[in-house]
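Multiple structures follow.
In the two complexes below, chain A is the common chain; its partner is chain B in one and chain C in the other.
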Partner chain A sequence: MTAAFHSHDQAISPHIDQVRAQMEALLADCSDAAYLECMIGKKVKGFFYYFNGLTNEERLNEIRYDIADWNIDEGSEWLESIAQEVTAFNCSRTDSFTDMMDQMTLGNAILLVDGNDFGYVFSLSEWRKRAIEDPVAESVIRGPREGFTESLDDNIAMLRRRIRKSSLKMKGIEIGEYTKTRVVIGFIEGLAAPELIQEIEERLSAIVIDGVLESGNIEEYIEDQPYSPFPQLISTERPDTVAGNLLEGRAVIFTDHTPFALIAPISLFSLMQSPEDYYQRFMISTFIRWLRYLFFLVALLAPSAYVALLTYHQEMIPSALLLSIAKSRESIPFPALVEAFIMETMFEALREAGVRLPKQVGAAVSIVGALVIGQAATSAGLVSSPMVMVVAITGIASFLLPHYSIGISIRLLRFPIMLMAGMLGLLGLLIGVIGIVIHLSGLRSFGVPYLSPIAPMMVGEWKDVVMRPQGWLSRQRPRLTRSGGGFRKGERRKNVGTSNRRE
Partner chain B sequence: MVQGRISAFQLAILMFQIILSSSVLLMPSISTTLSGKDMWMTPILGSVTGYLTIWLVLKLHHLSPNGSFIKLLVGTFGKWIGLSMSVAFIIFQIHILAITTRDYGEFIVTNFYLKTPIQVIIGAMLLLCAWVVKGGIEVMARTGQIFIPIITFCTLIICILLFPELNPSEILPMFERGVQPIMKGTIVVGGWFCQVTLILFILPLVKDVKVFRKWGYLTVTAITVMMLIANLTVFMLMGESTAFFNYPLFTASRYIAYAEFFEHVEAVVMMVWVLGEFFKISFYYFVIQKGIAETFTVTKPAILVVPVGLLLFTSTFWLARDFRMIGEFISNAGTLYIITGNVIFPFLVYCIARIKRKIGSGQAQNKA
Partner chain C sequence: MNRSRSIRSRLILCGLSVISVLQLTGCWDRVEVNDIAIIVGAGIDQVSANQVKLSAEIYIPEESNAETQSGGSKSASGNGKTFVSSASGSSMSEAMYKLQERLSRKLYWGHNDIFVFGQKRAAQGIDDDLDFIMRYVRMRERANVYVAEGRAVDILGINPRLEPNSMEALSELSKTEISTTVDLKQVIERIVETPEETFCVPYLNPGSLLTGESHIRKPNVSYFQGMSIFNKTKMVGWMNNDLTWGYFWITNRIKANTIIAVGHHPHNETVAVQLTNSKTKLVPHITPGGKWIMKIIVRSQGNMMQNTTEIDFMNPKEHAELVELVSEEVQISIKNTMRELQKKIKVDAVDFGNSFRKKYPKQWNNVKTNWNETFQQVQLEFDVQVSIPRPGVLNQTIRQMKGGNH
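Presenting the complex of A and B:
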């Protein structure tokens, strides 16, 4: 008998006591499940079921007293009257236990009434949420200070407030056998290519997985090339970044319970851009973009170039510098390659420790870290001071990139290139770089070549790569394969107003 | 393997690099030996071969069914003769590639990595090439779009940095020894230009073949200009002693010294050359792989990447006992050999195919 009660497929019994037994069996051992008894019109027995903490209990109590005062017609008519009265609330009907459980886990309350073989769902979901705060991982000097939170609805609302057009579409889908996580694809109809949206939907609905706890779980399943060190979607917690990308014809994937939204498709160059670029003066942003490109190369190649030059091409180092390097390396027992490996590994370990450690211990780590990487290591004769400098510069350089995900990929790629440089000098370094470029040339993000607009070449879009063009200069939207691109609204800036006119 | 397609412009960039990669480094020495002070004229005259080859290749492409040269051979000469001709043509290309690869390896080993075995240098390069060939022509073209501008820029920078050291009077008097030496040098330069024939295999993969005529001729012009710049720079710097060096531009780069610290940029020249050779070898590699796949109708060309790579690796060493043998071959029979294979053979095929088609259509008319 109990086995039958556990089945979600059974019919809802019209007898209230039987339904209670059915519900109790389903909710056995769910200590957070609660029920409230009520008498509709002081005549008909009913039960509210809900989960503690997910439902607005005050409002539920009000409803409970409300329905006790209803006038219910005598005789067989009362069934219809309940149905009529109940629609006055934000309420719908449900016919199966499966649906009922779904609604309860969403925070809604279920009302079961004697004599009905269905239940009513009251939308009363309400739970504690984190307030909207500064985005922690992507801070800017100038720009909006709000970041996404763990609540999907809040995140969507933040976006909807920014793009106030009905053409901003949100398609919902549920992923995860157990978590039933809500995932929403957002895009602007008319700007995003329909094929792109279709492809994202296809890839998302193909996911079969127990649980989705963070957008990273999804990212793994939908990216084009899972065996690549490079991120093929941007994850961001900034609504303005998302809005900007939607306006360029991209799509966003929100996941419930995480502040990180995914943006697709992207290219390597969109990972090098920060939303702040567009808020600063264009010359300054252009300068900063160049700085980023430079330090992208530094982060990737500095230690390997140092190893290669010091091991194989000493003649390329100016003699005065070479002498001082030689002097500081005199007492070092390791070859440059080993030295570089020790220091880079040490740096990565310190960085990771800095992220993980509780705030109270953080200060201790930075002191110890400074000693390990700095003065003490040098005076102990483990590493030379030029090596310390190279590692420090490399470390700084990798944090210059506005997206953490690309920074970490190049930090990882640094090690194989270092090994190549240690074996074959500059030739090895070059082989490593060619290898990376071959890989990047073949990589795509939802059909968009990863190195576009440089390769394949789309000269029209270079403006946004080599500089940060002023608004009226960048009217062409990016051509994200297949989608038409098209032009943005806008004309050349006009000098309006009297004070601008020359006498 | 997704057999990607590329644009005419992308093919033009690749073509630009496969001709230039070895010629900029090797040519000045050979053309000085043959043409003396007038060596700088050889690229200009030699470019005629380039234009002719482009014309010939486009003609052949239009004649070929589905643009496949091998199908044209089979269609014209019958199955067995046609297939054996295509096998011979591919073996010829493998031979040329083996010479190029060996040359690259010897350059690196003799100038930089004296103790590293040449097998490592060549093996590493072929591995990279195999990777890009596996990715397909599209990946190769994109890699080219990233690197080839950098290569060209670096080559030009080296020439510009040498500017203060140049002595323009080196090239005077002109026509010192008459026209004959110039013609000899021109033929050698033609030996480089005729490698354009390789694109015969790539043209079917080009999205907009119609505009390739323009891009092809433009590329030959651009190659000529680059060769001219390199030749003039080297010759004005070293005069007739250019002939004594194997890699004159490399030697020339040793003259660069600025502000007491910007000197010894030979390693940069090496890197530029390695990049250039990477494209040349992978382009040949791709063509050979595609040629074999078409000849033996292999449905999945990707499975050929590793076997072809091994064949190339070993043929690089079967080629000759030492580099001197290769050098002798290049300077004696090499030019005629490469021109025969890359220009005269396709030209004969073109003539015979045309005649056969004429006769064929004549017969068809007679029957009607």
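Presenting the complex of A and C:
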């Protein structure tokens, strides 16, 4: 501890005026700190300390009037009687300034009484919170509409409501020298591997950081491979996603003041799954999963393949198509690679601008964007119309992936592969793809191979990758995350509602 | 700390140099679409004793709204979508080199789907050209091969009304039931497999040869004229469309939808059958006396298309008469073709040799070198049956219906 924090270690003086001086030194220049003087039983002097806006001031005032009416014994017994009276409230003791400050920042009020070398903490914390709303980044057609909020307690409550068993454990930890952010590891005892929980705890407690403002701050500290473009934890604001993953033996990391919870461990294929897959009928979900795999490749490779074919392998394009592409490319001054780079960069810029846009100018920018990208660029002879189409398809494809984090990784990887394709044609494209596959094969998320269950091969779990199996077919929990005995409850589906069954 | 930083900066330097090296070395065979002259058809003609003329139909990539006429050289076509450029040389490769000299863009063979040989060149022999075509990296070995009556360049110069260019027109023409497709690969296969390098290639007519100067409309189609027959890679003759029809029957190339129309004799009424499927089998046989016999078995099925005769389709007896009539017609056309091949052209264009080789390898070895002579002596047996299971929508002829009313 440096000298500046020296006052925290002071003992609490039993003389109220001295304590007051100490407190004022600690809270100097904290314009939001407030104090209220009170006379306990109209005899003993006391002070309430709290922060404006964090504490329920109405309730505090009630308590203050209440206190004034307390019966305080004469003589040296009065401290005892205060201690007794105080027990009527939700109240605890604190005997260090550090703890007092912690309690005050949580919204509790501190009562310091003349003659005591400790303080009382009144749990009166109450501040404005956002109501529970639709999860904005992960909307579904069918499925629960509530999303996490910035309040950790609300989030945990949402989860507890879904998994009503005491084996749902919530381990708390505090991270951040200044923010002292509460971080909670949630898991189901018996389903999650104890080693996993231990590993997460170790990684979390190893974090030394000034502040945690969002779960992203801790994500980059606990990732297995921080230099990978691929996310190794899922961030979600959906309680049902979290609950589903907990049931598969994974763990969740909640961070206070953010609606985004982290799920670990994951594989590439969990990033391709949306919670809605399990709510829609299995054929539809299976179809949609295949669509996602297809467009995953499109998002990654379409512009590169276009550039490679157009600059090196024209004979691979159907004749009629090549003729019409040649026609539209005739007046374009740039090579296909440069054209692709211009358009892709433009698209990314527009997308980013769209995210940050104030609502009032949104319409203007999207009109200009559509005109610039779509029409003007083609008619000005900057880009050819097939390229516009390729870029548009690629852009849409990257948003087909249900998790934003994987979509943006793909969009990023597109550029180096495009460069490779522009330099070496399909050979370069393949080198790029092979590089990515090699990287993915080595990647792990909390010890679980990123490409599981494809590599290492676990054929039994392919069901949940190549299709969305019906509930009664997917009784086995994922092997790499479960702690043991991994079968889900339930049996083969009974024939319900088949009226034409023969007796 | 300091050391790890220096390692990292060294790594970054390495990465940068690798990237710049890649950029320096890469791209050398990059060819933009803007820099290539896409060939959509090639013609090879004989101009003088040892001069070959290579003509290429080249696509003009020009926006459809731009009306500028940028006809390159010789025959700029009507709507300016393609033009034909030619150059001569002592060989294909020299001609191509000279052709390249005339063009600002690189000749691009990767999409060329047709090779048309002029009649003279075909008679001279096309093996030198085939060597070049098959050896050149970018060429398509599935490109169609044709022989043109007259000059090949005339076929390329045609700007068809219905199709965007002559490549499209020709490959579509080959798909119809009156024509057939022969590609380079098939030609090479036949050259390698047959002892006398015999093969057939569609024979085209530029259209201008059929219509005189007095004709009002400009002829802008090429016609399928039959098959030209090559022996030892030289064109030795050709079959007209009628003979080609028989040729298709023998070689099992007859396509569905082919129409068999028969004139029924007393009053020359018509019986027409539209084929739905057909199968031809060649069964070779050598008698102990050393006679070579080929049995041609045809099994076809078709629907009644027209029947103006008095023959009642629904009457089993008369139906047999119908079948007989149609089968007879097919058999006659096969006979005609075989007579032409055995007596006039004297070349085994129908690949009997292959059937005999498979069944009688020993005897085949003896006659292999002079196969075409043996071929002329091969006797034919026929077993042709065209069944007509469906009468179409009318059961009876209109005249019969009228008779029923009275």
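Going forward, the second predicted complex is superposed on the first by the 485 of 503 C-alpha atoms of A that agree within 3 Å, B and C clash if a C-alpha of one lies under 4 Å from a C-alpha of the other, contacts with A are read in each partner's own complex, and residues count from 1 in each chain.
Following the convention adopted for this analysis, a residue touches a chain if its C-beta (ideal position, glycine included) is under 8 Å from a C-beta of that chain, and two chains touch if they have at least 3 such contacts.
The model shown is predicted, which means the values in this text are computed figures rather than measured ones.
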item: First, second, both or neither for A:Glu315, with chain B first and chain C second; value: both
item: Which superposed partner A:Met457 touches (first chain B, second chain C, both, neither); value: first
item: Which of chain B and chain C A:Ala353 touches, first, second, both or neither; value: neither
item: Partner chain(s) touched by A:Ser441 [first = chain B, second = chain C, both, neither]; value: first
item: Touched partner set for A:Ala34, first chain B, second chain C, both or neither; value: neither
item: Contacts of A:Ser331 with chain B and chain C, given as first, second, both or neither; value: second
item: First, second, both or neither for A:Leu424, with chain B first and chain C second; value: both
item: Those residues of chain A which chain B touches in one complex and chain C touches in the other; value: 312, 315, 424
item: Contact set on chain B toward chain A in their complex; value: 7, 9-10, 108, 112-113, 116, 120-121, 124-125, 128, 131-132, 135-136, 138-147, 260-261, 263-265, 267, 270-271, 274-275, 278
item: Chain C partner contacts - residues on chain A that touch it in the complex; value: 310-312, 314-315, 319-320, 322-323, 325-332, 335-336, 422-424, 428
item: In the complex, chain A residues that touch chain B; value: 312-313, 315-316, 318, 321, 424-427, 430-431, 434-435, 437-438, 441-442, 449, 451, 454-457
item: In the complex with chain A, residue positions of chain C that touch it; value: 22-23, 26-27, 29-34, 36, 38, 40, 59, 61-64, 108, 110-111, 113, 138, 140, 164, 167-168
